[in-house]
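Structure below; questions to follow.
Order of writing sets the chain letters: A, B, C and D. Residues in each chain are counted from 1.
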Amino acid sequence: MDWILDFYNFRVVAQYIPDFARGLGSTAWISLLALVISLSVGTVVAIMRMSANQLLWRPAAAYVQAIRSTPLLIQIYVIYFTLPALPLLGRRLDELEGGIIALGLNAGAYMSEIIRAGIESISRGQVEGAQSVGMTYLQRMRYVVLPQAIARVAPTLLGQTAVLIKDSSLVSFIGVFELFGAGLLVYNERLMPNEGYLTVAACYLAIYAVMLSLTGYAQRRLGGTAG
Amino acid sequence: MRKITKLLGLGLCALGMSAVAQSASADVLKDIVKRGELRVAVQTQGPPVSFVDKNGERTGFAIEVVKMMAKDMGVELKLLDYDWKGLIPAVNSGKADFLAADMTPNAKRTLVLSFTEPYLYSDVVLYSKKSQSFVKWQDACKGGVSIGAVQGSSNVGLLKKKCPDSTIKEFAGGGAAVAQAVAADRADAGINDIASAAGYMIEYPEFKVLDGAPKRWPLSFATRPDENHLLRWMDNYFMLIRNDGRLETLADYWMRGPTWKKDH
Amino acid sequence: MIDVILSTMPFLLEGLWMTFKISLITIFFGSLIGTVVGMLRTLDYALITYPLGAYIHALRGTPFLIHLYFVYFMLPATGISWLQLEAFPAAVIALSLYTSTYVAEIVRGAIEAVPRGQSEAARSTGMTALQTMWYVVLPQAMKLMIPPMGGVYVIIIKGTSIVSVIGIAELVRAGEHATQRHPRELMLIYGMTAMMYFAYCYPVLRLARWAEAKFGSVRLPS
Amino acid sequence: MPDPAPIIVVKDISKTFDIPGRPPVHALRHVTNHVDKGEVLVVIGPSGSGKSTFLRALNGLQPVDSGSIVIDGVELTDPKTDLNRLRQGVGMVFQHFNLFQHKTALENITMPQMVVLKRPQGEAEEIGNRLLKRVGIGDKGGSYPSELSGGQQQRVAIARSLAMTPKVMLFDEATSALDPETVGGVLELMKDLAADGTTMVVVTHEMGFAREAADRVTFMDEGAIIEEGIPESIFDNPQHDRTKLFLSQII
């Protein structure tokens, strides 16, 4: 028992439970909002990219390639430090808003690629079936293609969401407190890396496990088929 | 064939020896002298304490002290450059003999690491844009004012205590990111040690240093708690160079004015 | 501004070279390990697939910094001498393992997307499981793997920046060093590093696009 | 009169599929049968009757739960048997052809020969070209499967199996996925093979083929053999009600 306390001191970690809880909540909240943004952006961009219209697919492709080819931290900095006041908002984005939007736009590029692959994997027969009963383009997408496509790529979307959640720790660079920051608090104040880092790792793993089971559930509900 | 066996035997011996070397560190100073190499974990936190200069050389006040140390020991110096996140593990795991950074000892930290007697005391100051109405640092300590600090630095705790009404923004990107935040009006003021702040004053003509210092931090090196001999040695060494004036010379050059800027 | 660009460029290029080296080695070993793991995951033995599934989820569910911390700082505590890794090999090992989890999922997905009939036909001619995998399934799965693999490689290239924690001076680290000397030019220097990432990553993505066009569109299996 | 020595002996095989949450499916119930050398056995029955499972059991693609299958003196159901070795002697033609999509027609035929039988490339190609001519598409060797019609693909698949000089050929609804106009040609080819003395087990819905080419017809339903005999007796004078019902529905 003694060596375990030497390795990882539960008593010290217990003192930081409020900080970890706050960090976990912050990470969950940031990730959730960024996820919603990324899935919406991703879906729109995926559909744009598959369009035959140059005015639609070219900007979409440029967006995806630019985001994927540059580091997230720099995207966060650009949005936070150099974006002027937004006319609609009447002010500049604050730390939290900037972080969430940067994170969402970043993940959106990756999500769009996954969703596009999912859409392309849906057989023509499905589209033709929908056309034959008189559905419009948007109806076909909304009721036939997208549900199947998303169910099919759900595990890949899950993997990307795991990346998004871990990436959310980068918003600490513009001063947002989140889960990793809570771990660093233990590290900084107590100089205890095991207690800081391993607790953080366990928290991320717990979020991941929850998502894993949620994806399995969602996939069964949406009727995603194997293969 | 015999040659191969011999080589193999030698290899195994070396493996065994290295295992022994790892376990036998009752006194790391003995190991340092035996291997002829001093391994020091440093953090490139920025000028003037520790940074990479325009020639690509690692230098700064802490680095020059360590260089002098190795020379006086008569051993080679191996600088191991870590991010702050890797600094403590590097010492804990024995990758480095001690860590040389401008770390501030406190009651809790000293439970884990042994800190030397301070080799220098450094003032902490606040700075802001000249357009701000602040004069003294206390002027920034009020509701509605945001102060930027390096994430996890001792200054964060300091601000929480001295300026409880201000909004504290912690930036993970180091002192440069804090200065950037102040310049981009993302924070009304920033906090840092006086030497770093002096550097920003040159870079940003629109900045000013606020009067007074909320704190004077002691700066120490640190090592594993069981390395008593090394700790004693370092304390002795600081006393020595303080007495013969070499420490003052270095501190004057690096910490008390922009003299170093010309050379680095 | 020009003088800052000129004076920092050599350092950034040096960092880029380190990023290039470490990412290439990592991509090589990560792909190798990942392919084997991915192939094993398609087998029907719970004794193999469950531990490998746990391996993949454990690595993907935790931040890479923790893996690096484990390999570089915690393994030495075992006292076993060959686990006393220097920074570079430690970074390569940790990153390769991390990469392998992504590659494994792509490989598994691609293999499972090759219709069952293909391997049944091969087996019915008397080919062994390995021959079937090598001559029939893998060549077809390869076409499905190339495009998503390009995406993963780009993620890994950018992910190498975390190894700076243990003192490897790659591109982001070199940029940080430069910002410390020129704090005012923070955005300029980060912009330069972004351009360098772009110069490295964009061709990789183009290559993947080209492969995608050449070998038919991706079918991501579930 | 075919040589009476049986090349396939199936004794009392059973197979049950357990699908979680559903009642188990008894795909094969105590099936016993045999195929003589040179014989053409046609298996008919409604879908889900277990005829495909039976066929797939004959080369071990579908392992069975109990019973024994002996092929040319080698017991397939013995765990010590080298299945790969055994499968070299048992050719199989699939409903969906299953041509290797990344190989040309000729390569589809040569690759297994080179990999499994270790034939040199020259010899394998010679055999491949001869067989392509034999199945009537001598000029299509360089085409990829995606460039061939269904009928052409199935001919390649038949040639691929023949190249391994099998002792017996299995046909799993080989014409079900074909366009009506190409079905005839493939059936002709199968009749040719039968006339040449190839031992064949054929699962099919083509009653015309069964009547013309079969030496013996087996009717299966719900995993069991209901009735079997020469084509005339099965088609013209079925004994069992289920056989009568099936035939009345299909013809």
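We take it that contacts are C-beta pairs under 8 Å (C-beta built on N, C-alpha and C of every residue); 3 or more make two chains touch, one makes a residue touch a chain.
The model shown is predicted, which means the values in this text are computed figures rather than measured ones.
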(request) Would you mind checking which chain's C-alpha centre is most distant from the centre of subunit D? (result) B
(request) Looking only at C-beta pairs in contact, point me to the busier pair out of B-C and C-D. (result) B-C
(request) Provide the C-alpha centroid distance between subunit B and subunit D, rounded to the nearest whole angstrom. (result) 78
(request) Go ahead and note the Å separation of the Cα centroids belonging to subunit B and subunit C. (result) 33
(request) Could you put a whole-Å number on the gap between the CA centroids of subunit C and subunit D? (result) 45
(request) Express in whole angstrom the distance between the two chain centres, defined as the mean CA positions of subunit A and subunit D. (result) 51
(request) Note the residues in subunit C that touch 2 or more other chains, in rising order. (result) 65, 69, 73, 186-187
(request) Mark out which residues of subunit D touch at least two other chains, giving numbers and ranges. (result) none
(request) Could you tell me which residues belong to subunit B and also touch two or more other chains? (result) 85, 89, 92, 173, 177, 180
(message) I'd like to see which chains touch which, written out pair by pair.
(response) A-B, A-C, B-C, C-D
(request) Spell out the part of subunit C that touches subunit A in their complex, as residue ranges. (result) 57-58, 60-66, 69, 73, 102, 105, 109, 112-113, 148, 151, 154-155, 158, 161, 172, 186-187, 190-191, 193-194, 197-198, 201-202, 205, 217-222
(message) Help me check something: in the complex, which residues belonging to subunit B touch subunit C?
(response) 15-16, 18-19, 22-23, 44-47, 51-54, 56, 80-83, 85-86, 89-90, 92-95, 173-177, 179-180, 183, 199-200, 203-204
(message) Applying the document's contact rule, which stretches of subunit C touch subunit D when the two form their complex?
(response) 115, 117-118, 120-128, 131, 135-136, 139-140, 143
(request) Show which residues of subunit A lie in contact with subunit C when the two form their complex. (result) 65-66, 68-74, 77-78, 81-82, 110, 113-114, 117-118, 120-121, 151-156, 159, 162-163, 166, 169, 180, 193, 197-198, 200-201, 204-205, 207-209, 212, 219, 224-227
(message) Give the list of subunit D residues in touch with subunit C in this complex.
(response) 59, 61, 84-92, 94, 96-102, 111-112, 115-116, 157, 160-161, 164, 170
